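Take this structure, written in structure tokens, and hold onto it; I'll ask about it next.
Order of writing sets the chain letters: A, B, C, D, E and F. Residues in each chain are counted from 1.
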């Protein structure tokens, strides 16, 4: 990890200039999971959570949050996502729900933050909808799985 | 974990009615952490990250996000936070940053989601500001530490 | 319909002062419908629309929009909804979908606009998700069905 | 109406991928109307409504709402409108106000939803500003009048 | 000016706790002005600005911005305004437009920031709508004129 | 100052059509200042303000506000900023803080409003964080310093 070349001398926060970057097709995939009691997962899968359909609601919340990433993360550039998907699957062994999100655009900056924000807000929505029966849930292992496009090329998590 | 008493028969998502709940002073504390390479943590602590002051920016992002919780989480009630704090500390052993948030209000619903949202967005902001040097960072262990106030009384994580 | 007593002399738009109004429990119910081709309704009910689950998504969109009413309608007061529900039912005779929304709070202003906004955005979401197969859909008959609470007392549409 | 080719197998809501669509100039025009008592229309046209200038305020509200369409409608793509207009005309025979909106951009997705959202929020604003004297108003016949640009070509309502 | 009693030891930004403050009726009035060329003011007053009715649009923008103050100013508490007014008057001697805003609520924190935000955004809107003919406009003298309510009592600018 | 060529005949507010404008690299720089008591400036520079780090927080608030310009200013086009910076410097002679902001994009409209909005919200944030000790602060001289790009070419304030 070499020293960064574009550091502002004063260390002040700023939105970095991306106007010289190429417009390329970029895609990112991120994941995360909500670990919960087996009874909680069962309740969600049976559709019996107090606030209603957990998985469908969390999916919508994640997609909408991806579109608001630059509103939430101070130095993210606003950008025009061409696609967002959020998938949520039960993992009985965890036990819990596993969330994956994909974001895509043709533009000058990567979309990792959009995919990560979709995952985070989907996980928070799951927590919200099931917290009446299980306050001890934990959101775990939110990370980027893969990214493609841009100067730095493709990247995959180990 | 007994069966829920207020389940909508159809399982449709809805904002639960809180109008009969007492207005009490409520507080919640949540935590989370960003696990990173030792060099990344060192860079952040030296104030050399590409986008500027990571910890100060993440703290502001977390506080602002707490205020937007009901905009992000579909079935959260809008509420009038009386206090939000976000604390971020380095953990050299992790290595990474540990984030804690506290939210408080006098009202009819708890503020766990506000504290959790503050933690999540602070962690996402840390990721954003350091991702140029470390794509492999992970956000871990977001959970509620304690809540007080409301019918269900006080609760602490084990 | 008598002359209004609180008209600003100049006719300039302003948010009216509600600080002297009593805090009472207020509730409003509104409805609307999306008229479409029979094949479109069939497609939606079979769960085959291009963008996915139409009814579940429209319900969430309506609930979230209710919370943003004062952001959208210039002179609406911000308020703290204690409950929002959105119900969507198929009407094979129309043919189309019938949307009903209920909003509730304890406060100084009525919640008709919140119920109407929920209905409107739920209808727009239905249009969005089915427009690939039916551009000729129409949103019809958005209106308040009933309101209760406040100085003007209860009111029902004929 | 043939079967859709791009349906997600699971029927889950998602933002469809538009990255392969051509960037063309796209325009859409939508309309709607608010039906009210003759006295209410008269009051609005005389500039005597309680909250001030109804037509001017509704026009601004509609324009601002068009820019927030992707924030409100879960699966709409964010896009960069190059033009929005909202026109509001009195219809003494209705009696009521007739609202028309036009949206335009050069991009990969159509702008029907932006035009429809502008019309809907302009109508809601009219309702809000006149509801003190006329709770029985109805919002009617919101629909797309015409669209141009994109693969599907031009389209006009009958 | 004595030393502050509630300073966070570390100097970190945080939303101060207002939960112990009394709920009182609070009001604040703020002002500002846009200084411009005499021809620009004349154009605005004649209603000939390129983007349309400058004064009416700026008034609405100011009112809407007051409601979003806590979204914009990081450490402002969310609050429920009971009234907002924005007045804009021509000052031929300046030459320019003079903007005054009043905000009011019953709550635990003052509303100076809401009044100041309304003034600022109304001034920015004036600039936006007239900038095609006059880039040299300046926004001047934004300040609080008076506040009432709360522990610190009434205050007036000299 | 000649008569405007694109005035809507009716004088109604509308978002002007920019679809025929060339996509060029555009940049704008704006400034403003907060005038305060010498003791207030001293308090800020010592890091002793009640709400925490004033300058760092105001910088972030300004950057985030620039991204929300089209949400706040009714007739501004949404656009995709490629860079935003906010600089804040103490001026002991004023006494007060001097704020400068730069915005940049490749697009069809200028970015003066984004730079001015960043300056305004940074100034408001400074006021908010120091108002507990100095209600008499004033925001002064917000103006565009320079713009480049677009049909009208480069422009500098005198």
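The working rule: contacts are C-beta pairs under 8 Å (C-beta built on N, C-alpha and C of every residue); 3 or more make two chains touch, one makes a residue touch a chain.
For reference, the UniProt names are A, B, C, D, E, F = Cyclic pyranopterin monophosphate synthase.
Here the structure is a predicted model, which is why all the values come from computation and not from measurement.
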| item | value |
| --- | --- |
| Target subunit D, source subunit B, minimum contact steps | 2 |
| Copies subunit F and subunit E - interface residue numbers shared by over half, same or different | same |
| Rounded Å distance, subunit D centre to subunit F centre (Cα mean) | 31 |
| Whole-Å gap separating subunit A and subunit B, where each centre is the average of the chain's CA atoms | 15 |
| Distance from the mean Cα position of subunit E to that of subunit A, given in whole angstrom | 36 |
| Residues of subunit F engaged with two or more neighbouring chains | 12-16, 53, 56-57, 60-61, 64, 68, 74-75, 79-80 |
| Chain-level touch network, classified as line, ring, star, complete or other | other |
| Set of all touching chain pairs, with the criterion as stated earlier | A-B, A-C, A-D, A-F, B-C, B-E, B-F, C-D, C-E, D-E, D-F, E-F |
| Subunit D-facing residues of subunit C, complex | 1, 3-4, 6-8, 11-16, 32, 37, 39-40, 43, 47-53, 56-57, 60-61, 64-65, 68, 72-76, 112-113, 116-117, 120-121, 123-125, 127-129, 131-144, 147, 155, 157-158 |
| Partner subunit B, residues of subunit F touching it in the complex | 53, 56-57, 60-61, 64 |
| Subunit A to subunit D touching residues, read off their complex | 25, 56, 59-60, 63-64, 67-68, 79-87, 104-106 |
| Contacting residues of subunit F [partner subunit D, same complex] | 12-19, 70-71, 74-75, 77-80, 107-108 |
